[in-house]
Amino acid sequence: MYAQTTQLIQREQVGPGYHLLEFDCPQVAAAAQPGQFVHIRVTGDWDPLLRRPFSVMGTNEAEGSFQVLMRTVGRGTQMLAEAQSGTKFDIMGPLGNGFALPGPEGEVVLVAGGIGVAPLIFLATALREPGGSRYIRGLFGARSADDLCCWLEFSGVCDEFNAITEDGSTGEQGLVTDFLPPQLKRGTGCVYACGPALMLAEVARQCEGAEVPCYVSMEQRMGCGVGACLGCVIPTQADGTQRYQRVCKDGPIFDAEVVDWEAIHRGCTPG
Amino acid sequence: MYAQTTQLIQREQVGPGYHLLEFDCPQVAAAAQPGQFVHIRVTGDWDPLLRRPFSVMGTNEAEGSFQVLMRTVGRGTQMLAEAQSGTKFDIMGPLGNGFALPGPEGEVVLVAGGIGVAPLIFLATALREPGGSRYIRGLFGARSADDLCCWLEFSGVCDEFNAITEDGSTGEQGLVTDFLPPQLKRGTGCVYACGPALMLAEVARQCEGAEVPCYVSMEQRMGCGVGACLGCVIPTQADGTQRYQRVCKDGPIFDAEVVDWEAIHRGCTPG
Amino acid sequence: MAAPQVDLSVELAGLSLVNPVLVASGTFGYGTEYGELVDVGRLGGICTKAVTLQPRAGNPPPRICETPAGMLNAIGLQNPGVEVFIGEKMPALREFGVPIIVNVAGESVADYVSLAERLSDCADIAALELNLSCPNVKRGGMQFGIDGELTERVVAAVREATELPLIAKLSPNVTDIASIGEAARDGGADALSLINTLLAMSIDIDRRQPMLANVTGALSGPAIRPVAVRMVWEVAQAVDLPIIGMGGITSAADALQFIMAGATAVAVGTANFVEPGISGRIIDDLEDFCQQAGVACAADLIGAAHGSSDVEGLQ
Amino acid sequence: MAAPQVDLSVELAGLSLVNPVLVASGTFGYGTEYGELVDVGRLGGICTKAVTLQPRAGNPPPRICETPAGMLNAIGLQNPGVEVFIGEKMPALREFGVPIIVNVAGESVADYVSLAERLSDCADIAALELNLSCPNVKRGGMQFGIDGELTERVVAAVREATELPLIAKLSPNVTDIASIGEAARDGGADALSLINTLLAMSIDIDRRQPMLANVTGALSGPAIRPVAVRMVWEVAQAVDLPIIGMGGITSAADALQFIMAGATAVAVGTANFVEPGISGRIIDDLEDFCQQAGVACAADLIGAAHGSSDVEGLQ
């Protein structure tokens, strides 16, 4: 884990409200594992106060840089979206636990909802590294074609790829979870998912039914990012005991069986 | 009085910690009188919260622009000092009363301390306009040569000009007020002064002794800038009654006789 | 501009306001200071700078300083006194054609009563706002607002003295704001204003002295908004009186927090200094919000965040 | 780096701190979370996250949200309980070699007493900080800190139960903080910590619900600093006990405001989340400030802003 001043070396708009940011940071580039995130301070001042968490989408060890795919939703992302390349940002990372590797058997299915594609691109890239011969299916769902951000990057690291949009503007029409059941039937060894909480809940439900291991990347509003403030918890249950676990430290990747989806349905999501 | 979004069209460093800023704002350029100020919002956000007041140093009616000479002292001025030209700023102005014109008789002496030269440059420029045949002496004091900012602009609009530095690094050595008494003896009709409060107090004392009318430009921390909050007052006395008057509305230019210098010595200055 | 079908009007203490956006006492002078810059006639109403029986010089400067997302002030109720107010300020205020709520401050119950009596004789005053909460004066002011019994006593005495609608303005510098609100209700207040400023202080570390000549000052601005929303929420639950919510409002979204917490109207304070036209922008944006949310009457949003079921936690 | 001649050490409740910069309870976990990023051994001391007798699950999420120059939290005292604290957290905390101040929270006087007794048996605890001021739990917590009598009672009971230095942590959500400080002193506290957080709230206007599942939350960060400085100032005048000042500290300049207001030490809270290394930077900058100001001992600055004569005003 590092905390240091880095430079935004490139910022590219990759869709309406979507930006690909590249930061110069050899330490994070060398250390980051798929599923981990960075915690970015968007200002040198104290308002907005808190750092903003973003999944690492990829690293370039040779260049010493890493990328983040960002959707503009509020004040902090707006500031990042407007930053000139060359701007310095204070970054902590890599943080969180990262994805558990899949077991030796079966194909891997990656289920991405919107901006949730970012850590899955990183994961697929890693799974394909020399020695990795895993067959990877990517399912990428979003509201419309505009929101299928970086689908080329994603499809490029998958062996099979499906785009799904709610409005049918590109690919298949429907929800990404409508297209998961057939995959689960054909020898899938492990599912990885990242996207809106309700999508993850549905993925988890389907995987549980099909008895396929499933890992999800969770979100929660964050304070410290390192496990100290206990601000970022989600409800979990394991071995019959319910408790609150930290997204920043015990996650952001959770075994889908451990997450207390019912409690999450009752309203524990950030917004 | 206007409130509107203007553009910083030029920013030039004119000394260590001094910047000359030029804003595109036809309304202020057309309306501003010497001694008046603008109230600049340094951010689109709410921290730092308050606007910052700056005297107008000059206007260019043809171009529709005006200038401000700024010394970097804290957060707000730092932000302005780093702004790229093209940046938009929300500006209110022109505000305040402006200098009273001198009576018909005698020469005019302008006493500037440091950054206080700004409104006096504007005043001298106005006094020299077609029809103005007033003989103008400029006294410009500062800590050192580095702080004699825009002295060329100032001397260029004076008929006679003296630079005084505390460390003697340029011009005469001493305080600017050491060089005022001889001027007061030779038929000065009116003194205008802008600078640190203690310098103004001394100028006022000398002018009172010599029975020369004197107008000073005062500073105080400001809230609204338009007379509504009563935050920017200084103690004054006239006709035997003491009261608090607003720098933003009743000033920033005050007849030196009206200012309660004793109370100011007791500590009513901003900082 | 939004289409006309949204109804922004609200009823408050017997007043009909065309929209719920007022300007807060002490932050809009007597209206005329902003007349050149602001379309004052669009406002839901104006709360004037506090008026006292006698003229007051106010506190020595420096009177203000900046703090993180906020500011301190210690004006000390500088004002020309009620006679000059009636004679010189009211004529211009009247011209705006909006409800004028006169904020009054006294050092004793008798002061408040005299002020109420005097102002009852003046035409076109919509309501009195009893400032029980000024933290910047040695006598009176906050002393009333931090004490339930005194609050009830002063409100009751003024209630006897005037027919004007009475709005009690509460101090946030208390352990239990709801009980003070109840006291004001028991005294006969028609509405409550909250919050006034938080008692606070900054130190100039170079001069090793307080930043303000008055030593302590009154904190306002966005920094205090979460405290203000909480207090409106608590008082709305405890007291069945309309509330004017304020504290750090800078946008329609902020105003809606107060309204959903239970405020019938809101007042924009410190933000006027930073963006004089802000109240007009908030009115426009409130209309837009209602339109987009399919809300026909803004008044339907009052208290809308109450009653959402508590999320149940683990043991 | 500054030359060594400045003495930053301070004495507090019988403890000798190498410098006056602590980290505030609940913002630095149990030290290890920041171990990789921060040179914890340089700190003046660590105030741990609150410990309760039994493990606590804490409040449901969302537990935090951002506000202007501040944040709300409603953690709800999630912690593994005193036994796990002693068995699993203290060993690592000890390793840092700095004073460990254990923040304790109870629902009853008996809870506080049991905690004090249990922790008295554990080696290397420098002091107890009695959290009388947590606004995020239904029972206990703030209920103690807003009541002078209860404050005195709980402090006195714990005083009987332990030899450890006792630091009473006060709630700012009171009308008269000085009187609560006096009550803690009368109960036998060796020092006071202030301030804990302000009770506050934000509303999500789109969902028309409170931002936090707990409805209300605790406001911290720069936004509250002026309130905190004022309270330290008031308590320093009224109570002759050393004070640990906190609330929105982000720099040595901020820390000096508290020290000059009368604090013997300071604690950095929320700012740790934003800049983990901030406490080290503040220690360095304090040293620089003293050097440049010609101050040999930082302790000489304690209360330095008091006693500057009031500026006299007009009538």
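Here the chain labels run A, B, C and D in written order, and each chain numbers its own residues starting at 1.
Criterion: a contact is a pair of C-beta atoms (placed from the backbone, for glycine too) under 8 Å apart; a residue touches a chain by one contact, two chains touch by 3 or more.
Because the structure is a prediction, the values reported are computed rather than measured.
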Which of A-C and A-D has more C-beta pairs touching across its chains: A-D
Centroid-based (C-alpha) most distant chain relative to subunit A: B
Between subunit B and subunit D, centroid-to-centroid distance (C-alpha), Å: 46
Inter-chain centre distance, subunit A versus subunit D - centres from mean C-alpha coordinates, in Å: 36
Separation of subunit A from subunit B, taking each centre as the mean of its C-alpha atoms, in whole Å: 56
Overlap residues in subunit B, where contacts from two or more other chains coincide: 46-47, 235, 242-244, 267-268
In subunit D, residues with contacts to at least two other chains: 57-58, 60, 67-70, 213, 221-222, 311-312, 314
Arrangement of touching chains [line / ring / star / complete / other]: complete
Complex interface listing, subunit A residues touching subunit D: 1-3, 41, 46-51, 90, 92, 220-235, 242-244, 249, 263, 267-271
Subunit A contact footprint on subunit C (complex, rising order): 68-69, 311-312, 314
Contact set on subunit C toward subunit D in their complex: 57-60, 67-70, 72, 76, 146, 173-175, 198-203, 205, 208-210, 213-217, 219, 221-227, 229-230, 233, 248, 253, 256-257, 260-261, 289, 301, 304-305, 308, 310-315
Touch list for subunit A against partner subunit B, complex: 45-47
In the complex, subunit A residues that touch subunit C: 46-47, 235, 242-244, 266-268
